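After this come two complexes, each holding chain A, first together with chain B and then together with chain C.
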Partner chain A sequence: MSVDFPARRFYPATVNPLSIRLPRGWGLATPPVAFLLFFFVLPAITLFVTSFFAAQAFQIVPDWNVGNYLRIFKAAGFWKANFQGLTNGFFVATISVLLAFPAAFYVVYRAKTNLILYMALLSWFSSYLVRIFAWRTILGTNGMVNSALINLGLIDAPLDFLIFSPTAAIITLVHIMVPFALLILVSALQDVKAEYLEAARDLGATRWQVLTRVILPMCHKGLVGAFMFSFILAAGDFIIPQLMGGRDGITSGLLISGQFRSVGNWPLGSAMAWTLMSCLLIVYLLFVGLLYVARLSPGRRYH
Partner chain B sequence: MADYKSNIPRLPARTSELMANAHPSRRAFLLATAAATAGATLGAWVPRSRAAGTIGGEVEMMAWEGYTMQNEAADFIAKNNIDLRPAIMGNQDDVTSKLVGDNPVRLDMVEYSNGYGAQYDELKIMQPLDLSKIPNYNAESMFPPFYEADMWRWDDETWSIPWVWGLDTLIYNPDTVPFEIKSYKDLLRPELTGRVAMLDNPLTTFPQIAKVAGYGDKYPLLTADEMADCFEKLKPYRDQTKVYATSNGDVVSLFTSGEIDACFCVWNGVTVSTTEQNVRTIAADPIEGGAVWADSWFIPHTAENLDTVHALINEALSPEVQAGMCTATASNTVSPLALPLMSDDAKQYFDYANFKDEFAKLKIYGLPPLTSDEHATYADWIQAWADFRAGF
Partner chain C sequence: MEDNFVEFHNVTKKWGDFVGLDGINLKIRRGEILTLLGPSGCGKSTLMRIAAGFELPTTGDVIIDGRQMADTPPEKREVNMLFQRYALFPHLDVFDNIAFPLRIQKRPKEEIRQRVEKMLELVQLKEFSSRWINEISGGQAQRVALARALIGQPKVLLLDEPLSALDLKIRHHMLEELKRIHRETGTTFLYVTHDQDEAMILSDRIVLMNAGQIVQMGTPDEMYGKPQSLFAAKFFGETNIVEGKLVRSADRCAVETTDGLITVEDKMISEGSRVYASIRPEAFVISNHAEGNIRGIVEDIENIGARTVCRVRSGSGHAYRAQVFRTSAISTPPIGANVALSCAPADVVLVSQ
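== the complex of A and B ==
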């Protein structure tokens, strides 16, 4: 019996099926997309599937169940650590954006050179761990801040909350995140031309109105990007909370790390990671919703 | 007249055009795929080390920082053309994670601390040693507790060989603590509130926790309820704690920067490091006792250069290397033959003159089992430890 290949019917004899027209520029986009597919999407899916498996002594047992999520749901320690991580993320993102926005405004609209930007980015030239231990020196019991305050007679004893506390972790994380936020905000503000600001002023807008009705809505993607970038990195970080956060600084990142490294329970670690990712997604939706309600998102203004 | 340009072959200018113009035949495609697959498969079988029976070549080592023997066995390594490629482990988990699973990493020679042997046996990631290639491992050149003990030998095979050991105990700064610490209970005195560190090291911290809670004799085989009771009784110590240190080095840093006055349980070699930085610390001798650790060399199932690894393990037990290691790392030796070569400073960490009696006071603990229906497992302990640290 002969088999008819139906594909032949869809293409003229002179056209090769491989010569389907692809969108212009796909060749340029393919490498990063492929990289993300292979090194993020695929592992994330694998992680999600694994989270429904069981584990026994460093071995994954493909026994479909939701036990890991039920265990997480009932684990008060995980939720406390998770809340600590999210709290870190919120304060770090908020402070980083608040610090970076005026600096970005200055770089884009006032400064004649990018010197300020480069100075802010200079801290990237030092290692992550070096910066953490530098902050230990600055904030320590006998560190620069406490010593200065004692010598000035402003305090009698070192301030305990400055080191090995969530405050110390947040200060260190802000130092790490501000350059990232600054870079994203500078990029976003460069799309808001100075002429728009002048036009708004010519039409009678106050400075506050220019900020809230022109600048913030037009750079809202950069704002969301800077906030979420700082938030996600800070909430998921477990090195700084461990080295600076002290007794109360444990975050869920450390617990997730422990499941993969110490206990060998990859399914539970995967479930924890996905739970954390879901929490971050909820925060993202809340933040975008907040901007929408505050009439600061272009979705309301321009579309 | 035809346009001359029409005779010039058109070169693909875009990636998409290049891809579209590439029409490999089915046969060519299959051949190329088969060749690539064969290359990738056969490549993995190409031997990378020397032939059996000879010493030399690459050795992928994983060890604690300072324990790679690069200095102490430098002559032996150079003489035998050994390309020692050490990787430093931050904790024992670094080793475990590399050797388990379907894609384990090639490692020829690795250290583990006592207690992990049972776990690694359960995970089947070790291979037995050929003692005929390790002549330095004999009853005369080893202190009895380290020769053919159950911790390193079972099923009529020797799986690892201990080569350095030491003591983890309560360390404090006598210049800032206004009393002598004789028991762990002294850490609960109000003068030390917020001045204590706990080290995140399951191997020696867990047995100390069990001792403090009164379960020292039963550890590591405690029931889930007994384990929960341990952490319940440890809560007052948590209230005294300022920070959880990540490593021995971190503890040194905390002492020297004046952040802490005492550490719940850490390697007694820390006292040397702090003294070098002008901060005096001493190892207490609490009534509850300290925790012994003993590092041993084992050959993972992924090892390739077996003869060279056996030779290196043998060299690790030589008196010269033993003396060098103990001097450099403030560890204790497993070989009485090394004692004449050791300085007085290197011998200060243990009363070798009364080895039998002094060692009898100590106990080398294992770790909780990986799987058990009767006892709290290692995972249970890790989870309880994490919850304890998080405040539960």
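== the complex of A and C ==
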């Protein structure tokens, strides 16, 4: 609301005006800011700096060059793996959001309890690895899916793309990501009160128009959040591609972890990590831009 | 005036065993402001939501301008609603909110611009067209919502307690605004409220509801002056209710109460029946003379701006509220004074339970 308050004075004029006045709410903001600073910003800067160093036998030489980036730029293998990672990310994010959105809609507008939500979140109670191996038994050569299809007479031989393939990695990653996407979308949709949907219907919008003109623009943050969250985690994951992805499923995440864990070339690994991060930033900008072009962004004027 | 522009025909709404609306028959005239008034839970909002298409009646139907609405979804009904909390879309600015219904209909750009500007003029918000919804005040939001609801030229505008989110001063201003906009557009208004003052100021006709049924309907004057039941008498403004027995003598008809006889107009009610007399505080004349129907002691005096209300405790222990207008000619009796209350027989309304 546009109420003009008179300028507030926080301290009498006699107080030294050079003393720093902390912004309101700094006490609450400090722990998360400190956390991000120490566990994200500093490591990321360290990696960024390291990416311009060179690795020699058992040591890192700070000789400031862009050799690592040039090497990455020319390496077709990295780009193939990076493309695979981004492909995983794209399919996982798209499928997760498409699966989670109707469920979130149901939880927010139709369900009388949050039971469905809690059931979806229940999968977090089991370990990541256990769930990966569960999918191996489901998708394996003699697994549930293949035996069922063979017993039904629909196929003669097991479907080999179901396990140790990018498809298998995507299926498993979707399973991991859907609850995250669901949680984000539920909290976003809870801000879109049912009254807005009724108002839109009342003003002549069909169900589809209510979705595209009211719900999606209003839960834009949640949409971007759910999509990018699953995209980034899926594109950067190196465990599922390793355990489920097979030979074709090698991703840049896997190559990066290899540089750090087995090869020991930290500068090259850092440069790869920064390359991947830049790709993810581009994906983010593309996705936000797509929503903007599709008129699904808030804060736009159409007149 | 067309008498049955909107018609609720035997509308019943049940949720399990709970009867929300019990066989409502109601006709709304073209171009009038009809108010559904009643306490919360009386079914007035449900009736409005049935007209909008958000609820389906268990039995019965709504007929709008000759068309049955049973199979028509909300977006196809030529009815728009002004929501209690406005439901303005926060992702659009004022102009785009008002343009929303026309964009849905895919009207040409130029037509949209002209019609939105006309609506902005109607609600006097021309210079606010590029404001975001969180940058305008409650009263302005109300007017944007009104413009958005009216731009599609609905046959009926439904107003769901539209003033309840506003503070008192803006509320009176908005009532005037609503009246003006009604005059200028000629749209039929179906207005829902629990506030009898709003209903009295705004309405051509008032429908008083209670427990899913229509209790009484009529013009504001009729509703105030001729309540037909105890509920109606109590709901409209302040009143004094005295229970008694109807008695007749050669020259007068009266109600025999614990505080004596109150003379009433003879309305052919059989002698001896138990009745309730409703007397408005402003109908009483306070005097210190002995003559007067009810005698008592002034117990308390409330000053409410232009008028003063005295609480008079009668001999039988009943508390009456009597109003004195504050003019220099009339002085308010002091607390503790012995007074007599009298009133003209025409001002005593007899109602049944």
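The criterion applied here is as follows: the second predicted complex is superposed on the first by the 278 of 303 C-alpha atoms of A that agree within 3 Å, B and C clash if a C-alpha of one lies under 4 Å from a C-alpha of the other, contacts with A are read in each partner's own complex, and residues count from 1 in each chain.
One rule holds in what follows: a contact is a pair of C-beta atoms (placed from the backbone, for glycine too) under 8 Å apart; a residue touches a chain by one contact, two chains touch by 3 or more.
Given the structure is predicted, the values throughout are model-derived calculations rather than measurements.
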{"item": "Most chain A residues touched (candidates chain B, chain C)", "value": "B"}
{"item": "Which of chain B and chain C A:G246 touches, first, second, both or neither", "value": "first"}
{"item": "Touching partner for A:A57 - first (chain B), second (chain C), both, neither", "value": "first"}
{"item": "Chain B versus chain C as contact partner of A:W26, first or second or both or neither", "value": "first"}
{"item": "Chain B versus chain C as contact partner of A:T94, first or second or both or neither", "value": "neither"}
{"item": "First, second, both or neither for A:S187, with chain B first and chain C second", "value": "neither"}
{"item": "Partner chain in contact with A:G258 - chain B first, chain C second, else both or neither", "value": "first"}
{"item": "Contact set on chain A toward chain B in their complex", "value": "16, 18-19, 22, 26-28, 30, 56-59, 75-78, 80-81, 133, 136-137, 140-143, 160, 163-164, 242-243, 246-248, 250, 254-255, 258, 260-265"}
{"item": "Chain A contact footprint on chain B (complex, rising order)", "value": "14-16, 19-20, 22-23, 91, 93-94, 96-97, 100-101, 119, 122-123, 194, 202, 238, 241-244, 246, 250, 253, 257-259, 370-371, 378-379, 382-383, 386-387, 389-392"}
{"item": "Touching residues on chain A, where the partner in the complex is chain C", "value": "1-3, 193, 195-196, 198-206, 209, 213-214, 217-218, 220, 297-303"}
{"item": "Chain A-touching residues of chain C, taken from the complex the two chains share", "value": "52-54, 73-75, 79-81, 83, 85, 87, 89-93, 95-96, 99-101, 103-105, 112-113, 116, 129-130, 132, 134-138, 148-149, 152"}
